[in-house]
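Heads up, the next two complexes both have chain A, just with different partners, chain B and then chain C.
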Partner chain A sequence: MSQSSEEGKKFSSVFREKIPVVGSLEVLMPYIIIGLAAVAIIVSVTITPSFLTADNIRAILRNASIVGIVAVAMTPVTLSGNFVSLAISQSAMLAMVSYVALLGAGWHQAPAILIVIVGLIIVGVIQGFIVAAGLNPIITTLAAGAIIFGVVSEMTGGWIVLAGENFVAWGSSNVVGIPIQVLIFLVFTVLVTLLMSRTVIGRETMLVGANRATAQIGGISFTRVTVIAFVIFSVGLAIAGVLNGAAFGQATAVSFPALTIDVIAALLVGGTAIQGGQGSPLRSAGGALLISVISNMMVLNDFSSGGRLAVQGGVVVVVVVLLDQLRRRQVMRL
Partner chain B sequence: MSDKNNTNKSSQIGGATPGPRLTVRRLSKRYGNVQALDEVDFELYPGEVMALLGENGAGKSTLVKILSGLVQPDSGAIEIGGRPAVLFPSTRSQAAGVAVVHQEYSSVPKLTVAENLVLGQKGVSSLWLPRRLNTRARKLLSTVGLEYLNPRTLVEQLSVAEMQLLEIARLLVRDAQILIFDEPTAALADREIERVLAVIKQLSDEGRSVIYVTHRLPEVFRVADRVTVFRNGRSLPTKPTSELDVDAVITMMLGRDLGTMFPARVAHHDELLLDVDGLLATGLSEPVSLSLHCGEIVGLTGQLGSGASAVVQSLAGMLPLQSGRVLLGNDNLLLGSRAAALKRGIAYCTADRKKDGIFSGRPIRENLSSPWVRSVAPNGFISRRLEIERSSEIGSRFAIDVKRLSATVSTLSGGNQQKVAVGKWLGAQPRVMLLEEPTRGVDIGARAEIYQRLRDLCASGVGIIVASSDTSEILGLSDTIATFYRGRMTSIKSHEDWTEDALVREVMHQEAAA
Partner chain C sequence: MIKSIVARFRPYALPLAVLIITWIVIAVITPTFRGTGSFYAVLEGFPLIGIVTLGLAVTIIAGELDLSVGSMAALAATIAVLTTPVGLVGCVLIATSMGIVFGAVQGMLIARLQINSLVFTIGTLILLRGLTYIFSGHAPIVISNIEITDVLLDRYGIFSVRSIVAIVVFVIAGLFLTYTRWGREIFAIGGARNEAIAAGVPRVRPLAVSFAISAGCASLAGALAAMLGGSASPQNYEDLLLSAAAAALLGGISLYGGRGTVLNVALGVAVLSLVGAGLAARGSSASLVQLVTGGLLLAMIAIEFLAGRLTLQSSIFRRSAR
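Here is the complex of A and B:
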């Protein structure tokens, strides 16, 4: 037997393969995003002197925060191969309206926030189970969005919901000069990124997204991964809703009108693959920042809101095509 | 089936050939640090089938890519019909009459056979009138032995062999004179291979030239007129098949003897590990009973659909159990759930690594650790150190470059990918290892490696069940061999009681009887 394993070794040295050295796209991706952001900032600074003021930077970060939190939260859903949710605006709106309504009904902050988070998780888990049972996530979330919007419109009767005298506008406060949303965005991004990169559930999410069949044979449960991804997503939505509710003290059924498209844009610009298995929450945060910088620059240069939306769409297309080309080139070189 | 083709065989091959149809001279291609092709030479004559052999990474795929116009060579010359030709990009290659049948099929599953036959074809009206398409399709189908097929059939309903033949028909429309077959039979069972080979013979009889890339040596002797072997990016002089035998070809490919392909058998323990009694599941027509001892390799062989893989799949928990009882040690094994089987220590390496064996976009390390990552993650946090340590250990056992464990697994050759697909289970400390087609499309070096590791696994008391349609693999590797035919087990004997002939006959012979 020892002789035959000797033979095996001989074989291995003969057939040890030379693998071409290829720069891994996974490694390059964050630098691409950082590079793009740097270009955007340099351009902004040159053409808009008011860009680099403390107030403006705070505005950029605050704008990036809500979109960023939700984009970070949705990344596990996308990574697990469940595409994106089309109920983003409606779910965040549900969180915002219920938070404001609870305050208006006399609830204290902590229980109100807790109830919003739990409520959103329940809505998310239901969607997660439906998707895990095999229904297309696009259809499921689209329907969920319609249902949520319909129910909330009915209940509010189209009126503005007010937080009443109970309201403290902590949502627009600063901590050591940094807006509270920005701090929460930062902490949330770090937490979700660690969860995805360092824990078993994060690894399982990646693997399920990369190849569901292989994952199943390896004992990884698609249902578990999907439901947990939806839980993380729901927590992010709840935070976004609460933060905006705490900033404005009022909400309607049409709050967060552009959130769905903004969040998907941030996620795609960040370079998370829409089919799953590649990407990270950190990148989605980067994507949100990049879009916020570009959009801020346009505001300072008096672009109309329509013009801004068109440019934002253009940026998404350009970046996604660029990343796709890089991926292809990488495949070709092998 | 091939009788018809044999009658007019070799009328042109033996005759005076006017000169090579394709000449390749000193062709070289370099990728980064790797010289994929190093001054390769060969000639291809009208009406001949030339087999192109070599290990994975020997340069076959690069050559195919160059000839099909996907890749530009660094240096060297290509002549077609005696005139210098440029084959890059692929439109030029097609115009020059080169056509490639790939391992992966390019037909559109949701379209009909007739519709697929006009896809991408010039000179066909873009008005797809069903009747016109179908008439046209019938003519084409008959050239590849598919005349019985209704052109309205959706491609997704065809068998693998039929898809392969359809693929060939699509190329024939272009009137290609140089056909390249890139492992056309890798996914086919013996009987289907026969059909494809018959069509290839027929095409060469019509005067077309064929380059036949394969890993399966028996096919070479059935269809090829001449053989060119690639080794480490270089070409060896082309030889007529009649001057060669299997051993000679293997020696050419390896540059050494193949005496050690299969590891020595080790006496296995008498301790019963897995007792299968009256197992009946989808794909089996009669109950199957067999037993597996600690340290034993049981080989199941048969053609596609014989039931050999159904046994493995139901033991893996992939198929619901209809009846029967399986004991693992002293415990009754609950079947029908992959997760439950895995928990009891049943590892399962599937037949199709791309589909469900690897995570091709993820790093090699994550692939290797995927079945056991929990065991290096106390409190749910993965210990990088432990994961790297243990995956490096597996990697080095399988001769995978451990410095590259963070590269994606898709950067590896097919053989090394398969090593990953098998090797990942080692870390899960299985009690039973199930494998289907463990070396399909894998070069000989990687095969030897995989066989040796499986034997090593036996030495630690693991029992292994291998289902494979490759009879020589089953014979060389297994301690006990069971043959399957049409959903039932036809015989089960110790390896000493089998010869290669007897085994092949047992697997094929039944066909006449049924």
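Here is the complex of A and C:
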């Protein structure tokens, strides 16, 4: 008798970990982010009349898109239980510098972009294999970032890399009135979200992140999942670098100075759990949009850059604590 | 007896070997980097990176990570410069105590909310950076009565006032962590949190103490650096986290919590400082220092990982260390 109640306890404790993944909170979470964004927008509209103009909305979306693309791309890494990368700025910078340098060397657009994507994937896959072997992802990517920065700075000698005189600034063009970054952000978000929710590899990523031991017993390769997550991440980084390179036509080893922090903030505010297993690329996109809306509102209301940073940090702390507490409540109730 | 001595020094063997080999290599290839001058240069790494690493290492030992140390140092530097009218010691103390209070509150919140410290401190990292810009008025600020900082330029053999301060802080931290109840609690909560709490270790106090130490150390380091330089800039110290994390891990502080001592921190800082000073003596750029640091860090965690794998088979208890 006592043994069976012991069994029952074990059973329910397994479910305690499982149910939140499919429970009501998981359904609720995107609405919380959307709700917060809605509140931010309503407040913005009431206190700032110029908020709801086409130009301003375009600006918000454009500001959100680079951070959003990378946050969406990194979500599979986080979902698979590999925390976050601390080499985001440096990797995007590598993509931007090499793209601009290739153009400057007289390459055509398509092969240059292809080379950048392949190059970034190689760098990402190396990190993926190291992490999958069991080394700490935070420290591995920290070291990788330092190495990438060191190599690029040594190669460029600290100088600005230029795309040359035949440069076409397609990165700042619009397609039917929508900035090209925004379109790519949209398409990329849809693709990665579908990949995570509708394919076998996506489901495997979620399971590995939620419970690595169970997933491995179930025959899922942690190495495969991790490496694929890093491939997706690298593609996003390459796109971000190419887009900025195509917008500015020049790059240095210190491009993208704040990207690492911005991307991690967007991902966390979106509600993806840092321990993995819970979250979605769509939410990271939402997080990037929310931060962009709030910071745009502050720009329109003449906040200083320090004030904007302080508020952004405060928002990250509050939202992250709120989501964490909700998640915890949900687990307790079940 | 010999076995216990060997076991005692085992955690320091790898970083010590790295330190000695790096030192020999750099001294051989760099004629300008020999003698007492090189010791002075390495010790000069301790006041900034050393003290920050010490604080960060305490949070790693507690099983957490304080990502906000860089922003904290920048804020403390600004506050120290703003409060210079009260004197050199006074303004450093004001900045440091402000850091300690902030860190204690941060640690208390992390413990009470039971939230992942990585997630929480990334928010405070942004928040503190914003406050730094606000306090400094979005521009670098300078000390008006610069003559009060002259004492920091004094040199005693291979020591400076700042490196002596750093050594004193290291000794105090070492004694605190090893011999006091509050210090031991940090190791217990980092090594095996649930077991420690079940055994009666409070949940909140060790985290509040360790985050107070990390923010306090970062503030002290930032304030001292600002006093030496005579100015504070709001965008300073963004890469301090990389250096501090690298130094802590190079020294052999285990990322899995509960392991490592002040001696590990000192060895790690010495390696990092040696690489920086040695390459600077050769006229190398700062980016090459980063490159070498990254390479060393990667090599170090790979060696630690492989060593852990090899000994796993012989000792089941090592598993808890991973």
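Keep this in mind: the second predicted complex is superposed on the first by the 311 of 334 C-alpha atoms of A that agree within 3 Å, B and C clash if a C-alpha of one lies under 4 Å from a C-alpha of the other, contacts with A are read in each partner's own complex, and residues count from 1 in each chain.
Everything that follows uses one rule, which is that a contact is a pair of C-beta atoms (placed from the backbone, for glycine too) under 8 Å apart; a residue touches a chain by one contact, two chains touch by 3 or more.
Model, not experiment: these values are computed from the prediction.
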Just to be sure I read the superposition right, which of the two partners does A:299 touch: chain B = first, chain C = second, or both, or neither? neither
Can A:314 be said to touch chain B (first), chain C (second), both, or neither? second
On the A-aligned overlay, A:43 touches which partner chain: chain B = first, chain C = second, or both, or neither? neither
On the A-aligned overlay, A:146 touches which partner chain: chain B = first, chain C = second, or both, or neither? second
Tell me the contact category for A:136 with respect to chain B and chain C: first, second, both or neither. second
Which partner does A:326 contact after superposing on A: first (chain B), second (chain C), both, neither? neither
Thinking of the overlay built on chain A, is A:211 touched by chain B (first), by chain C (second), by both, or by neither? first
Which of chain B and chain C A:183 touches, first, second, both or neither: neither
Could you look at A:264 and tell me whether it touches chain B, chain C, both or neither (first, second, both, neither)? second
Chain B touches which residues of chain A in the complex? 1, 3-5, 7-8, 10-22, 24, 26, 198-201, 203-204, 206-207, 210-211, 213-221, 273, 277-278, 331, 333-334
The chain B residues in contact with chain A across the complex are 31-34, 55-57, 254, 256, 260, 263-264, 266, 316, 318, 338-339, 342-343, 348, 350, 355-363, 366, 370-371, 373-374, 377, 380-382, 398-399, 401, 404, 406-408, 410-413, 415-416, 424, 443, 445-446, 448-449, 452-453, 455-456, 459
What part of chain C is in contact with chain A in the complex they form? 65, 109, 113-116, 118-120, 122-134, 138, 234, 238, 242, 245-246, 249, 255, 285, 287-295, 297-298, 301-302, 305
Given the complex, residues on chain A that touch chain C span 83, 130, 133-136, 138-140, 142-147, 149-151, 153-154, 158, 253, 257, 261, 264-265, 268, 274-275, 304-314, 316-317, 320-321, 324-325, 328
